[in-house]
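Structures follow.
Presented sequentially are two complexes of chain A, the first with chain B as partner and the second with chain C.
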Partner chain A sequence: MTKHAHAAPAPVGGRLLSPVTFVLGVLILAALAILAVRFVYGLGTVTNLNDGYPWGIWVVADVVIGSAFACGGFSVAMLVYIFNKGEYHPLVRPALLASLFGYTLAGVGVLFDLGRWWNFWHILAPGYASPNSVMFEVAACISLYIVVMWIEFSPTFFEKWGMKDARRKVNKAMFFFIALGTVLPMMHQSSLGSLLVVFGTQIHPLWQSIVLPLIFLISAITMGYAVVLFESCLAAAGYRRTIEMHLLTPLSKIMLGMLGVFLAVRFGDLIVRGALGYAFEGSVQAAMFWLETACFVAPFVLLRAQAARRNPARLFVAGALLMLGGVLLRINAFLVGYDTGEGWSYFPSVPEMLVTFGMFAIEILAYIVITRRFPVLPREDAVHGAH
Partner chain B sequence: MVPSSNDHAGVATTARPIEKRLEMSRRSFMQFCATLATTLGLPKGAEAAVQQAMEAAKRPSVIWLHFQECTGCTESMLRAEHPTLEKLILDVISLDYHETLFAAAGHQVEAARNAAMAANKGKYLLVVEGAIPTRDGGVYCKVGNKTAIELTRECAEHAAAVIAIGSCASWGGMPSTDPNPTGAVGVNKIIDKPVVTIPGCPPNPYNFLATVVHFLTFGSLPPVDHLNRPLFAYSRLVHENCERRAHFDAGRFALQFGDDGHRKGYCLYKLGCKGPETYANCPTVLFGDAGAGTWPVGCGHPCIGCTEEGVGFTKPIHMLAKVKNVEPPAMYPGLHESQGQGATLGSAAVLAGVAGAAAGAGAVLARNLGKQHAEAEANTDKSEV
Partner chain C sequence: MASRRDFLKRALAGSAAVAGAATCTDASARGNAQISPDAVGLLFDSTLCIGCKACVAACKDANGLPLDYATPIEAAWDVPVDTTAKTFNVIKAYVDGSGMHKDQVQDGYAFMKSSCLHCVDPSCVSACPVSAMTKDPVTGIVGYDPDACIGCRYCVAACPFGIPKYDYDSPTGKIGKCELCRHRLPEGKYAACAEVCPTGATLFGKVSELKAEAKRRLALTPGAETTWPRGNLTTGDQPSWNGPAPVYVQHIYGEKEVGGTQMLKLAAVPFDKLGHRPLPERSFSSQSETLQHTLYGGLVLPLAVLGAMTWVAKRNVKHDDEGGDHD
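Right after this comes the complex of A and B.
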């Protein structure tokens, strides 16, 4: 990696209070107020959850989708450190930052959805834990990964506060945490799929499959690259910086490769299981399946030419559509294709949605504050100089 | 533990092993002893004492008197199956006088009673079934030209213990219900001796059996409450161990016979079930040896409080019981779980609005990115040209 000379990361600077951060702050306050009601008066007062749908968007959006969005750090770290593609190194820190808050909030978000949330620590306490449960694997991996990720990201804080000694010590052990940081997400992103495998026939055949863990894992890795494209374009537009097209164009090619693997596994599985016929029924599930598939196929159409991959607008739209595809895959598998019996239905209530918006607002606000004040994004003038 | 004495007793008092006499396997006999010991709430090891006492077969003499009653108590006893009661009565106790079961009649049977009482003076058990009329000198019930009062006093005088079986003998029961034309009362109003009462209409045969076996085993009657009911059977409200109790606590009640809640097995409190004010072990011991659910509430009929003076045959069946242990809460959770509502106009509008705003913002951003890109491309082309 030493052969790649990169601009050192530096704080972006600028004012923290802006119309955007103000709106984010309002959204966060609204979410906190609703959560206060939820913790005092219970789940029933703010959510549309019921005995048939014991989980809603707080689990599916905040935890399952939130942690999949947060795979940017994992996907880029794997590319840079495992496949030794040092040229992508400037993307690691911003991606890791997005992941850090995505995962931390996913871990916290689980708490909101637990009826008896004060017992949350039971799942990891040796006397209570059940090592044979899929849920245990998810809980253990995610909590461990959150710790690992804070350690991976810690040099940013050490640099800011001038703790050179700590920075050096952490750097010595960093290879170990990077390896852990690659293995752990693989385990729990696939386990989020295994979680549904154990639900058996309650999950619609279009999503219920023994290879669901693999489908969830590949889609999470692919989404990781899409998130990096999306976030880089957004950061460039927001901070009026130059887009790192020299990195994003080849990265989009890797993303398309992963997407190809994903689609091959997804459709191969549907055909082998003989479940593709369900996609041609006149049902909500079939419609949602095609919407999901369209979002996954669209990036191929948008980015098929080399020239198209140099256009940031197309990268942004393709990245956003791929993320939407991943979102739909998870919403479809966890809610739309989830049927516990006659008569049960679920649609998120407005307070539920406000909490989810608040959670994403925290992530965006934290990203803005940290990139403005801490060395995360590459130094802008240095990048200009390189041109 | 006591094989030698047991052998002596066996030689002295029994011709055949007990399982032969009761026509049951040894295993079933041991199970029966354990069941009775458990019914009595006796400590571990008591089943051995029960077994020894029954095998010793001292065959205590029993005098069984019938007064104002329907013979339901005896009928219910005859339907006990483990072992069948006639086996037990004929082989474990010496039933020397019983008006329903005796083949003999008239002077012959009265002579048998007198002979048994003389031979077992101070050792025999007196069981009374039926209420005793007191009005007009007790003329409303006579057997062998003696009133019920005279017979009871005569038989109780030298009895080792007196057991009143059924609600009638215990506190007057159905015959004592207003206006009580015969002045019917329970046995304890006629004699001064302590009377163990086994109320119920009919009482559970195993409560009677367990009381008798306690007497056989320990030579005394079991501990009783202030109404002389054995504590092992009458210390808990029917409500406490009722299989429908969870429905009561959750506020799920049958409101009419045959309604939806009744079919689903909801609590019968609002149909007038007296379980909350009646002390009896019906929900745990059940009736008729026919398995789970075979007791009145289990079959869908409210408890009428037959064991409880002032409740059974006094309060109307449909009248609400006074809940003795817990008051029903003022608020109940809903009868039916909410199955969730689909999208409401508001929630769908909010989601659509946010999705639209995000899509719009994305489109604007993409257009700007595209414009910048086009300008950059144009510049590059120019510089190249």
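Right after this comes the complex of A and C.
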């Protein structure tokens, strides 16, 4: 067991008001205004939802994709604490921070979409809750995971506010919360795929499968690493910090390994089910399938050489494309591949999209505010330049 | 390289163990749900339907539903073209070419009733996370409780027949669907659509009796004079009438589709032309629930994984503490 002496996390500092945070603030206000209209007049006034497409981007983007983007914390924590790769420790806190807000907002975002939101507590209340429902599993696991993540992240606040006693107590039990923090996402990220099994033949054969839980889980873990690459490059550029290439280069290899497992499972399943033939039909679904697959294959092409993995721009693009692949997998499975009968169509309305942008804006703004004011990113002057 | 291979090896070993454990718990697998012996339902015979829509009006009346229209100009009339949160039953028409001949595929027309089929193993009930959609253990009626509902619309998305609908125009929108007039059953009445049907195209009764009646009809010689019951088949409350038998498509829709439904349908035009896609016999809810209970039955698998993760994390977090001055 090698010991890893890392730079301790420290606040980045700097001004909170900038053109970026201002734009984020405007986006958030716009989303809040639209939500006010939604709660007074109903879902139909601001969304294009209909009975042929009762789930739109507020479910697919804000919750299904949003929580998959938030798998960075889970993926990196698993790497560091379960696979004992201590060298990645400096990535844990920033990844966990992004996950924390991704999940918290996914949880809050569900409320905007619920038509009878005042009853939301029924989903966890004995007498109402139905364990046969996949959505019950998703709701229970995500709710619990949000609490677990706040506990995992709490030392950051305790350090900032000098609460040494609380920090020590939490740290003693931390191994259990870390373990819980790996099992819960495995459960609900897979269940987000299982949600579609009950839809039966309404889901196109390119996406309907009994192994959907496995496909969604592996893709979420892979996306977790992609998000970390994406985020680290962006944070380095935004804060003019040194990019942690000594961590990101080997991390990108792990990401490619997981991506290989994902593609093997994805195509193995299509072949075993005899569904691959649908990919060669002249349909929108087939075209979207190849677009999705191209995004998943692209990182292999971009990062196949060792030198390419040392190139921050390539890592950033590869990470972004992999994230896009995960986005397309989810949009395809939930919307493009969903057909409940003739005569229905759906494309999100502008207000609907603005709410989704607002949700992501809250995440980014929170990330900026907290990394500037709380000890999350590794102290810059201690980052060694030799790599 | 060695470290990555090691990582992948562990990852694969982990997923293999999980997959192995998952396939071992066959006890949680379930087949299609079985129908209650006292289940009630409807038999709709497209060849008897004359498209008068008395059932559509009676349904609105019995369920206290408002008019449904697409544009303000139509506001004086109830003109639903499909079921909605405010319309639980519609009669749809199939028309081809000149549309001159009843129950003919070419240049013909036919009617089809669209309303809840009351599946024996309903997807909406399996999907509902808060028990707002329920299946009555005796009558088998799929009912809805708006006071329990959270409005997630998983039932709307899951139903293979596109039946539950949500009211997007209201801030407190509810799901709307046929509940087979279950509120009228204690009064000794039955489904309003069957009660008003002048030809017996929609017939109410015990599913076992409706199925026997459907089989009798399919066995008739086309053109042969036969008796057509009306209203409630089980109680025989309305007089029947006599008429010739049509040329049926030899298929009882709902007998086997997704594990069977309590509404059975007969027609002389193929069902896929009447908006009824072919569906497998295995219910989607049994597949979904088998998957969920295999993974989560007794929480055995999650607790086993949690135990393993806790053990590993405890070891590694300790090492980590020794390695630096922070967690």
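In this section, the second predicted complex is superposed on the first by the 381 of 387 C-alpha atoms of A that agree within 3 Å, B and C clash if a C-alpha of one lies under 4 Å from a C-alpha of the other, contacts with A are read in each partner's own complex, and residues count from 1 in each chain.
Going forward, contacts are C-beta pairs under 8 Å (C-beta built on N, C-alpha and C of every residue); 3 or more make two chains touch, one makes a residue touch a chain.
It should be emphasised that the depicted structure is a prediction, and the values quoted were computed from it without experimental measurement.
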Combined model on chain A where chain B meets chain C, clash or fit: clash
First, second, both or neither for A:205, with chain B first and chain C second: neither
Which superposed partner A:25 touches (first chain B, second chain C, both, neither): neither
Chain B versus chain C as contact partner of A:357, first or second or both or neither: first
A:11 touches, of chain B and chain C: first, second, both or neither? neither
Superposed model, chain A: greater residue contact from chain B or chain C: C
Touched partner set for A:346, first chain B, second chain C, both or neither: first
Which of chain B and chain C A:50 touches, first, second, both or neither: both
Touching partner for A:178 - first (chain B), second (chain C), both, neither: second
Residues of chain A at both interfaces, chain B in one complex, chain C in the other: 49-52
Chain C partner contacts - residues on chain A that touch it in the complex: 1, 3-6, 8-9, 39-45, 47, 49-52, 54-55, 79-86, 89, 113-117, 119-120, 122-123, 127-137, 139, 155, 171, 174-176, 178-180, 182-183, 186-187, 190-191, 194-195, 197-202, 210, 213-214, 250, 253-254, 257-258, 261, 338, 340-342
Chain A - residues contacting chain B, complex: 48-53, 233-234, 237, 243, 310-314, 316-317, 320, 343-350, 353, 357
List of chain B residues in touch with chain A within their complex: 337-344, 346-348, 350-351, 354, 362, 365-370, 372-373
Chain A-facing residues of chain C, complex: 3-4, 7-8, 10-12, 15, 19, 84, 123, 126-131, 146-154, 156-158, 160, 162, 165-174, 258, 275, 277, 279-280, 284-285, 287-289, 291-292, 295-296, 302, 305-306, 309-310, 312-327
